[in-house]
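Each of the two complexes below includes chain A, the first together with chain B, the second together with chain C.
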Partner chain A sequence: MFTPDELTHLKQHVNHYPEPRAGAIYCLYAVQDKVGHINDKGIEIVTELTGLSKTQQEELISFYTLLRRRPIGRNVLRICDSISCHVMGSKAILDAAIKQTGVPIGEISKDGSVTVLPSICLGLCNKAPAALLNEMDEVENLNVHSINEYLNKLSEKPHDLNNKGSGSNIIATSGRENNS
Partner chain B sequence: MDKILSRNFHHPHPLNIDEYQQAGGYRSLDSIIGQPRKELLATLKNSGLRGCGGAGFSTGLKWSFKAPDAPHPVYLVVNLDEAEPGSFKDRQVLYRDPHTIIEGVIASSYILEADKAFIFIRGEYRKGAQGLEAAVNEAKAAGLLGYNIRNSGWNLEIDVHLSAGRYICGEETALLNAIEGYRANPRAKPPFPIAKGLWGSPTIVNNVETICHVPFILHKGIEWFQNQGTNGAYGSHIFQVSGPVKNPGFFELPLGTTAREIIYEHAGGLLEGRELIGFLPGGASTQFMLPKDLDIPMHWDGPPTVGARLGTGGIIVMDDSLCPIDFMINLMQFFTRESCGFCTPCRDGLPFVKYQLEKFETGEADMTDIDTLRELCDIIYPNTFCAFAPGALMPIKSGMDKFETLFHQHIDNHGCTHPSHTPSTDAINNKVDC
Partner chain C sequence: MGKFYIDDQEVNFEPGQNVLQAALKAGINAPYFCYHEALGSAGACRMCTMELEPTKEGENSRLVVTCLQAAQDGQRYRLNKGIGDHVRQGVVEYYMTRHPHDCPVCDEAGDCQLQDMTILSHHTYRRFKGAKRTYMDQPMGPLIYNTANRCITCYRCTRFYQDYALGDDFGVYASGNRTTFRRSEEGHFDSPFSGNLIDVCPTGTFTDKVFRRKFSRTWQLEKNESICGHCSVGCHTEPGGRDNSLRRVHPFPNTKVNAHFICDRGRFGEHFSEANDRPLSAQINGVVVDNQKALDHIKDILTKSAGRIGILSSPDEDVSCHYALANIAEHFNGLFSPFVMPQTEDRTAAALALSRNTPSLTDIETADGAIIVGALTETAPMMDLAVRQLIKAGKTVHMLHASPTLLADIVRKQHPDQIHQAAPKNWAQIISSFDASHEAEEMGPNLFANLDTGKRIIILGVAVEMDIASMHALHDLCQAFENKQLTVQLGFALNGANATGSAMISAQYPSKQLLDAVRKKEIDTLMVCGADPFGFGAADWLPAREHIKQLIVFDNVNSPTLQIADVILPHATWSERRGISINYEGRIQGFNHAYQRAGTLTAVNLATALIGISANNFYEQQHNNIETLTGLNELHYNGCQCLNLHTQFEGRAEANQVSIDTNKDSVQVVRLTWHGGSNKASYATALASIKPWKDNIIYLHPDTAKRLQLNAETKLKLGNPTNANDNPINRSGMDQAFPIILNDNVAVDCLALTRTTLHHVGHLVNAIIPIDKLSIIAKEG
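Moving on, here comes the complex of A and B:
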């Protein structure tokens, strides 16, 4: 799964904490970035890296909402349904997404392009209703028409999930937002 | 008022370290590093700076609780786990001016003699975390971080920590558990983190906006800082307005600016044809304020005069396009989902509150349900392990008081008759995990 360089980087990261388990979230993220979700093989590797048992890792994965144990579509779109987006019509956006993907929330769309999930506030309240693609790209000022268009575009795109790169550069590459 | 935290927001891109320094950045460190820490702390204490994460506790006083002979390592943890619905101020600083955060962290860490600072960022702000990481590397290369900074004999490292979701991580002790690689369940207090925090060491946890104010107060002085506020408050604050207004956004204004000015002048007022019913002054876990409260100054002591609190200063506007009970159900849906599940009153009580509220919408409620709802709130409120559930119930308790007739109307009309009323999407409520 990981190259020797990536494994060295992960080991160094784990070892820079006083306790190795503090590096667990970072390593689980790295697995997820590689595979799309956290698979059994990834859990074995994280055990080797941090000493955490499978059960201890399951405790973390089931708690932290951005960690996924099950496969998802090529993209994951998190549509905010917290209050600021709710007052601006996020319920209609989620309903439209369910209709468009043809599957309930949390399931992989029929064409495999996307898994739509509800999300807690994304901090995009001034651009509500809003969503976040693959934990990176903001989708703002949505309406029923634009969410359908957006999902159509995702379905045409070949593969987007690994655009974050591997675990070794989880937060190492520049990703500054335009101020305009 | 001078813009402080948002002074560089007009640039098309976040400034790199050279541009930031050319614009006067990091100059404050000249008047901080090497100075007696006691005096700096006294200045901070006397400035009146209060924690901007929502609690409003005196920052200088909090820091003075660190024992002078506290064992090392000492940690500073910057809370950038901004997940309070309606709040998006910390995001702006992170994405638009990461060096301002680093300058604040260096100044604060110097006063606290911290050996290491963790900047804890919510997973949804991953792109911002990447920008901050790049800025930290620039600061390291420029000798602003690392070993023996400016020949002061003091060392500092900054760790950008990307979290993986969950609102409860913003609670300071839950945040410490999250950094240590545990589930983010809050810890019992005492001991407070300042005595026993990360890995048992003294740890100071502060909101990022608070930290960003520190170097400016120490550099420009108490008088300057206090003059930035209005209506008896000190300093500036990034207010945020969301909901059905013409110009939703964030505005750095004097702390103490009235809600009317923020909503009607800066946010442009409500959308055409809409009527203001109420607003939450500082995020989802604050109490409702009404149109009659618009002239109350938005500072720490303003909203409490009408039974509310300033919170994060993230104003959520509620207009007549939505039923207030539906508004409250959405809030409870959020808190029900985000409860960490550790203690029973919160884990089982909050879904029950949501269920009780839904009965009013669907027409199943009768007069006894008003009493049941109040009783539930009274039982949950004082009996939870942390402040999460009391915060969750603040808008519900105040909503029941301020919109009481509405609850009676719902009973009389056998449900919600508001034009916006639609049944909730069961698929959303039943399918949230992946």
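Moving on, here comes the complex of A and C:
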């Protein structure tokens, strides 16, 4: 899964903590960047790197919403359901998204274009109901009509193989510069 | 030492105690969920909230989570009087919004802390009308039943499982209102202490699955404090029985031995008494008869063959049982032995004689370092749990072992350099090299060189795996550390719950005498109680079988010996009778029956029926005997008194020094066992179903396989075993070739075999087999 260089880098990162388990989240992120989600093979590698058992890693992954154990679509859209967005009608937005994608929350739409997830407060309360695409692009002042349009646009967008999609891609950018 | 007040009641506290801890100690009925004496405070449940009165004018009273509040002199708390009560009512009401209200069908009901706290906090009416969060229950194997909806997220289970018992296959998932506690995969727990989840859980989320199959309401159980009969630690337990059957086992916390917990062997292994094939009626030549008729028949046999009688007991039986049988043997002019194998007797007595200031479980938990020799988890699991507290505290624990053991896995994970794997024949040499004042070569010399003077280290050995030479090496190692101004405590995990008591009695009734008499055909009538001379792990007895004309078996498991008996008598288990057991420290512990089992007999009943001694006279005589033997005046049976092992067993470490075979061209047989694999617990169906090892397979290290040129396509034949006198033994498995499984945790040059496999091949534990006696056979097809 990882190149020898990448593995060396991860080992170095883990070793600079007094407790190897402290480096687990970084390693899990690396797996996610590589595969798109954290798969069983990735968990085995992180076990070797940090000594955390499968259960202990699943604890982390299920606690942090930005770590994911299952594959996602080409895009991930997080629709806020915290208090401000809730009073502005985010429940209707989520329902509309379910209807439009044809699959329940958390699953990949049939054309593979998107996975819709609920999210805790995104800090976009002034533009509620709001959503976040691929952890980067803000989608503001949604209503039932605009969410449908937005999802349509995503499914029409051609699949770009070079675009890795969501994720902060820490190995490729900040991670390597700061740590090596 | 200071005092504070709760609702004007004075509470004394020690420095370092928190308010809740001191209040509970003072007997105040303070509510709590997540606090646990052994696991400490978490502040997760907010149930112990009390109102702290202002100390100065102008200040307001405030709410305090008392399990996180250090006790301070003069503070005044309001428990029932202030607004704390209102707050706690709200906390419980909140928990109940997620709880399924299924008390009528919940196994925990009546024993449930959530019920108690709900009543205590006056939450009576449900106002919540919303949807409850629900989870799928996870199948957790044959021992523990999970009902995830009942959880109130106090985190006690993960705090015990991961933080206290150092397990890593169970944890907490997700966050907030979705928090749930489970394993990553379905199936049984890996930890030998998983049963404690049942006790630490304040609700019915984890319940006893074995109990569930024969459930009884907790208030309808007959309970009593008893002693666990499954290893030499002798934990205090509370078996609960009803209608002639055992239903469940709980720990009975005792600060001297097991302060809070018990292991799964003690909890689920005791259910061997409920095995379908347990002998529960007397039989003569396969015909069921009533007990009186069988006793008359036995009396007849013993009277007729007086002078040619042997009575064999085992270290799994208690002191009263031994004394009663010894009385019967003497009455009929026969021989008695509390040990089956002279080898085991010698090792046990030597281990006790060489113990130094034997550490209790608390001593182990609070030491500054430890050396463990042998598979400790698999012999005395609770000692292992105590050692895990050392590992958790970051203390150095060195481990020397030959067969796979769970404790080694834990040490290896953190400090691979502190694991020493070697065949038992080399242990004596390796142990001597642990100390720098010897001429150390291969092993990391000078252990604990970084410890300051006055620090205390613990050395624990597993007697059944060690030869006497390596026990002496451990004893010498103590001296070496003491010379460096360290305090050393040396103890041994013994084979059999009452091994110490048996070794004490065996001074008068040596097993060699009985075995020799059988071999010389001086004995032809043998009565066996709790032992298995013609079954597992007793190779010396097998050839003697043909000399026995009458075999009487008095037992509570369907052992191979019982299956060939002429007369069978049903024996009561430890939970079903009165007795005295002496643990590895020499602690004398009496126990009484927890529940009644109709139709079973005790050895004292036998003595009454066969030689006419009344029970009262017997116990009086036994009391005097033990006093004389131990030199203790005013003997108590409550576990407060310990034998002086050193004086009691003086001179018994010299017997039969085994010469060490350092022959390089040989392999050594080591026992492959697991935490549920003791003599009796192996008959507990539910526990035995999760045994990790396969029978009739040889487990060995990849290097050994390479050396012997073995692979997946070949099988290994072990050849003729010989006993102590070099007589060949005929066994069914002698000509059988066994497939191999590679395992990194078996030491090099060792063949690890389960006790069933050992029984088939007839080899003894630690037997040394020259390589030229082994033969390699190609697999067919």
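We adopt the following convention: the second predicted complex is superposed on the first by the 158 of 180 C-alpha atoms of A that agree within 3 Å, B and C clash if a C-alpha of one lies under 4 Å from a C-alpha of the other, contacts with A are read in each partner's own complex, and residues count from 1 in each chain.
Rule of thumb we're sticking to: a residue touches a chain if its C-beta (ideal position, glycine included) is under 8 Å from a C-beta of that chain, and two chains touch if they have at least 3 such contacts.
The shown structure was predicted, so the numbers you read here are calculated from the model rather than taken from an experiment.
Undergrad: Quick check on the superposition: with chain A as the shared anchor, is it clash or fit for chain B versus chain C?
TA: Superposition check on chain A flags a clash between chain B and chain C.
Undergrad: Once chain A of both complexes is superposed, is A:I25 in touch with chain B (first), chain C (second), both, or neither?
TA: Touch partner of A:I25: chain B, not chain C.
Undergrad: Given the touch rule stated above, what does A:H86 touch, chain B (first), chain C (second), both, or neither?
TA: A:H86: touches chain B, not chain C.
Undergrad: Looking at chain A, which partner touches more of its residues: chain C or chain B?
TA: Tallying touched residues of chain A, the top partner is B.
Undergrad: A:K54 contacts which: chain B (first), chain C (second), both, neither?
TA: second
Undergrad: When the two structures are overlaid on chain A, which partner does A:F63 contact: first (chain B), second (chain C), both, or neither?
TA: A:F63 sits against chain B and chain C alike.
Undergrad: A:S119 in the overlay: touching chain B, chain C, both, or neither? Say first, second, both or neither.
TA: The answer is first: A:S119 touches chain B but not chain C.
Undergrad: Taking the options 5-13, 23-31 or 41-49, which segment of chain C carries the C-alpha atoms that clash with chain B in the overlay?
TA: The overlap with chain B comes from chain C residues 41-49.
Undergrad: Kindly list the residues of chain A that each of chain B and chain C touches, one partner per complex.
TA: Correct list for chain A: 52, 59, 62-63.
Undergrad: Within their complex, state which residues of chain C touch chain A.
TA: By the definition above, chain C touches chain A via 162, 168-175, 183-185, 413-414.
Undergrad: Per the contact definition, I'd like the list of chain B residues that touch chain A in the complex.
TA: Residue positions touching the partner: 9-14, 82-88, 90-91, 95-96, 98, 123-131, 133-134, 160, 162-167, 178-184, 199, 240-244, 248-250, 280, 284, 314, 316-319, 321-322, 327, 330-331, 333-334, 337-338, 340, 422, 424-425, 427-428, 431-434.
Undergrad: Under the definition above, what is the set of chain A residues touching chain B in their complex?
TA: Residues 17-19, 21-26, 28-29, 50, 52, 59-60, 62-70, 72, 76, 78, 81-84, 86-88, 91, 94-95, 98, 104-107, 115, 117-128, 132, 135-137, 164, 170-180 of chain A touch chain B in their complex.
Undergrad: Please output the residues of chain A touching chain C within their complex, sorted ascending.
TA: Of all residues in chain A, those touching chain C are 51-56, 58-59, 62-63.
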